[in-house]
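So, here's a batch of structures to check.
Two complexes come next, and they have one chain in common, chain A, joined by chain B in the first and chain C in the second.
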Partner chain A sequence: MIVKRANPQPGLWNKLQMAWVRLHQRWPNLAASLPFVPLVFSWWLTAWLEVFPRAFFPGPGDVVLSMISLIYKGILPEYLLDSVTRLIVGASTGVAIAIPLGVLIGMSRRANTVLWPPLLFFQAVGDIAWLPILLIWFGFGLTTMTFVIVYTVLFPVVLNTVLGIRSINPDLLRAARSLGASQARMIWEVVLPGALPNIMTGLRNGLGYGWRALIAAEIIVGTSGIGFLMFDARRAGSVVEIMLGMIVLGLLWYVVDAWILAPIERATGERWGMVTR
Partner chain B sequence: MVSSGNNAGLSAHNSQLMAARVRSAVWFLIPLALLVVIWAGVVSLFEVNPRIFPSVTSVWQAGLESVFDGTLVRHIGASLWRIAVGTTIGLAIGIPLGIAMGVVPAVASFFSPLVRFFSVLAGIAWIPIATLWFGYGFGAITFVIFNAVFFVVAYNALLGVSSIPMQVRNAAASLGAGRMAMIFEVLLPGALPNIVTGIRTGMGFAWRGLIAAEMIATDLGLGYMLFTARDFYKTEVIVLGMVVIGLLWLALDRLLLAPLERVTTERWGMVRS
Partner chain C sequence: MKSLTLNQLSKTYFDPYKGTQVTALEDVTLSIAPGEFVSVVGPSGCGKTTLLNVIAGFLPESGGSVRVDRRPISGPGPDRGVVFQSFALFPWKTVLDNVGFGPKMRGVGREARDAIAMEYLQLAGLAHAADRYPAELSGGMQQRVGVVRALANEPDVLLMDEPFASVDAQTRLTLQEELIRIWLDRQTTVLFITHDVPEAVFLANRVVVLSKGRVMDEIAVDLQHPRKWDDLIENDSFKSLSARVLQRVRAA
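What follows is the complex of A and B.
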């Protein structure tokens, strides 16, 4: 590779590389969607050549057709809305519990000794293992699913809030205190802003897990939502709709993660001058 | 670590270290024991219906019973075997592929949205299609674990390799490193901290995927044990299963994954905050 670069006459390969780099700088979103073109093409080719039986491996055309028909029937928008609403309700409840809890554990040694071990244990139990007993308690409904998402989002946010508070420079805390800040102002003006980059990282991780937990809950609880759409399609043996569900899930999460969460995380990190790596 | 030359000092130091470790373990267990006491107290005080929440003794008995008739061991064995097979295949393909994609920067930036897209989907979302392709059972579940580990590890290996400074690679190349030496002495070690982080995240997804898949698609394993217990309202078996799942993951994470991560990040001098 190095030898090639020393070459005075750039080859086709190097030109391609340079062109790619330039494209990437000018239109990052366009460049990010480009690799999907050969993927979709090879998917289409494999399906068209019928390497696998068509019922098991439909092509992109079939998926697009089923998407159009499901949008037309109003099923897809409704299910999507259901899933997203559940995620938002669950995640915001989770964060509303997690941040105060994290501040408590991070600020008080006593709370830390008492709460930290159970926290680790319950994190290890994992959201999905709660599903059977939740079904007994709350039945097949919104409560069960919200509980699962709250549970999933809670732990990464708490753990990262604590981590963030621990990583605050103690000099800052001492300075604020010696300038006469009350406990409430300390939390509001020093601790929370200082821990914010970590809290954002925790939220991003938590949503990543929460998203998966939602799919599992929708598959198992099964009343509506994208997870239910996929599992219902599985029962009917319709690979087309399963693939459609996966693509919708992937696209949606990709957009949320790459265009909303990652920039926020980067912005808080940079704003606070804590660029990781 | 301070070594004080003579043996007596060293062993005194070691025993001090042991004592500290035992103390922290005890402090770790006390709150959990407290939790069990509260559980026992609440259940006996309010006479909670065993269909809603079991008592401590009934869970203990269910545990003993399932240990003695061998079902618990079989369920745990099946789950761990699936995790082991899926993870091994995932690592064996994910690490080389991730590194290969990361070698040339332009190629890495081309592939990374693709791998990222699939690592976003990794795990649970594949359960429906996996059960159609492989049928219910070992194949489908192992596939779900495999792809949870594979995509996350490949993405992190790719990130790791592309974060190695170009100067380091140029230096190695100008010192005459061949292709093999480059891979095994520069790229792989340089990407290792990222790869290990990827393994830990991927295993986290895989573990959840395993439980979910076992609830849906098999007749053996911890997830299945939980889900059938629900059909008969056997809450003691459900709680037993949850405790076992929690302890297993805690053991896996604390004894295997966390030390691995600590060792690589420390060894590479990349201790973060």
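What follows is the complex of A and C.
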């Protein structure tokens, strides 16, 4: 009797799939860069066909050459370091103020009554709107830029911390109290971890806004940094360097997300089953 | 193992939607002996959960007193362990750290509290799950952790608020038998809130029927221990006791 079976030999398609899986396991970031292939290709094609004049619309190759040249001169690494340092200093100061403030507002009705209205008021006065007065007070320096980033990071982190604390199951707080936890222990053991998924959301928003505010501040205040690089390039009419600046901004954010924020989220809220993937 | 005494306990609160005072507990006087297991049953809205919340110290009483032995309570405290219907396990702590939470708050060091937690997990047959997070466990397993977490803190009184209401029916029977076994082993004073009449009778030495914020009736349950569902399901005194309690609840 003859039994017909599906062909056990793997076809070309299966082989390709298997090769892709192996590749993906070895370099996980490769998958993330794949969607950019058609994007870069159409960019290259548009530039190559010279749909727009070359000086206004340079191709990927020109930008890469400009990047190499700026790295070689040491300008790009220096500016990048300046921008990232400003972001780290500003963001960590912002978070260091925002989380205790959020805990205070989230835990105390009185603090909420006193602090919530001014918080909403100052949130509405956007970060960039502070620049004119900051420039008069502090001049064109690090203080002004740090202030802007702290200001930008502060609100999303405070608001999300408060939201996170309010959404903790009240039974968890009761359980901790009846197991003998003091108010201080409760904040550390229950309130902060319970609010952590929301705090992470606030941090993600805050850093995103902060990064944008920094570039804006560098364009206006600038003496160095990626924002300054781009604005300086505009003065020189160098579209290549402006594009390079834009690409660096996007790449840097991807790195922050993939190497810092996402791993923290995987190790906390997702691991604990508090956030669905 | 201590006594729990409620003396003319009352609780009223302001309903902001109706704009009136609502009476949840009118006048509850009840005394539970050391090591006794008392179930409280009653129709919904009779004040069962309010009663537990006041005894636990989560809500302030409006009048009367709650005493553990002779000492009046003030706020929540480790002398009264609570088991919640929602389990209320800390999602960010492993099972071992959940059970060790009470000892940790008392200042017991890492090794000693791990040993305590492990002992209680073994009591509930959960030693294998010590390193898991609550979200990785079934509802029945989560509530076993909830029970031993309260017990590991060695409370004078164990307060249980419909702890098995959100567990499936088969698991519920198992958990009830396990609770009896653990209670016999630890000899803790237990106040058990439920709306499930057979459950109340199966577990308790005494069933209290609550109605409109008052104790309407108390029925002693003199069934032999250890109790098993396989034996009691056809047992005549169990059936007639359950019927009696059910009639009282329906009349409440």
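Criterion: the second predicted complex is superposed on the first by the 242 of 277 C-alpha atoms of A that agree within 3 Å, B and C clash if a C-alpha of one lies under 4 Å from a C-alpha of the other, contacts with A are read in each partner's own complex, and residues count from 1 in each chain.
To be clear about the criterion, a contact is a pair of C-beta atoms (placed from the backbone, for glycine too) under 8 Å apart; a residue touches a chain by one contact, two chains touch by 3 or more.
Everything numeric in this text was worked out from a predicted model, so none of it was measured.
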(message) I'd like to know which partner A:A124 touches here: chain B for first, chain C for second, both or neither.
(response) first
(message) I'd like to know which partner A:L244 touches here: chain B for first, chain C for second, both or neither.
(response) neither
(message) After the superposition on A, what does A:A195 contact: first (chain B), second (chain C), both or neither?
(response) neither
(request) Using the superposition described at the top, determine whether chain B or chain C touches more residues of chain A. (result) B
(request) May I ask you to decide whether A:I149 touches chain B, chain C, both, or neither, giving the answer as first, second, both or neither? (result) neither
(message) Just to be sure I read the superposition right, which of the two partners does A:I165 touch: chain B = first, chain C = second, or both, or neither?
(response) neither
(request) Check whether A:L179 is in contact with chain B, with chain C, with both or with neither, and answer first, second, both or neither. (result) second
(message) Touching residues of chain A toward chain C in the complex: what are they?
(response) 169, 171-172, 174-182, 185, 189-190, 193-194, 196, 268, 271-274
(request) Quick one: which bits of chain C touch chain A in the complex? Just the residue numbers, please. (result) 56-58, 75-78, 80-82, 84, 86, 88, 90-92, 101-102, 105-106, 133-136, 149-150, 153
(request) In the complex, go through chain A and note every residue touching chain B. (result) 1-2, 16-17, 20-21, 24, 31-36, 39, 56, 113-118, 120-122, 124-133, 135-137, 163, 167, 208-209, 212-213, 215-216, 219-220, 227, 230-231, 233-234, 237, 239, 242-243, 245-246, 249-250, 253-254, 257-258, 276-277
(message) Can you tell me which positions in chain B touch chain A when the two form their complex?
(response) 27-32, 34-35, 51-52, 103-106, 109-111, 113-114, 116-118, 120-121, 123-129, 131-133, 163, 169-170, 173-174, 204-205, 207-209, 211-212, 215-216, 223, 226-227, 229-230, 233, 235, 238-239, 241-243, 245-247, 249-250, 253, 272-273
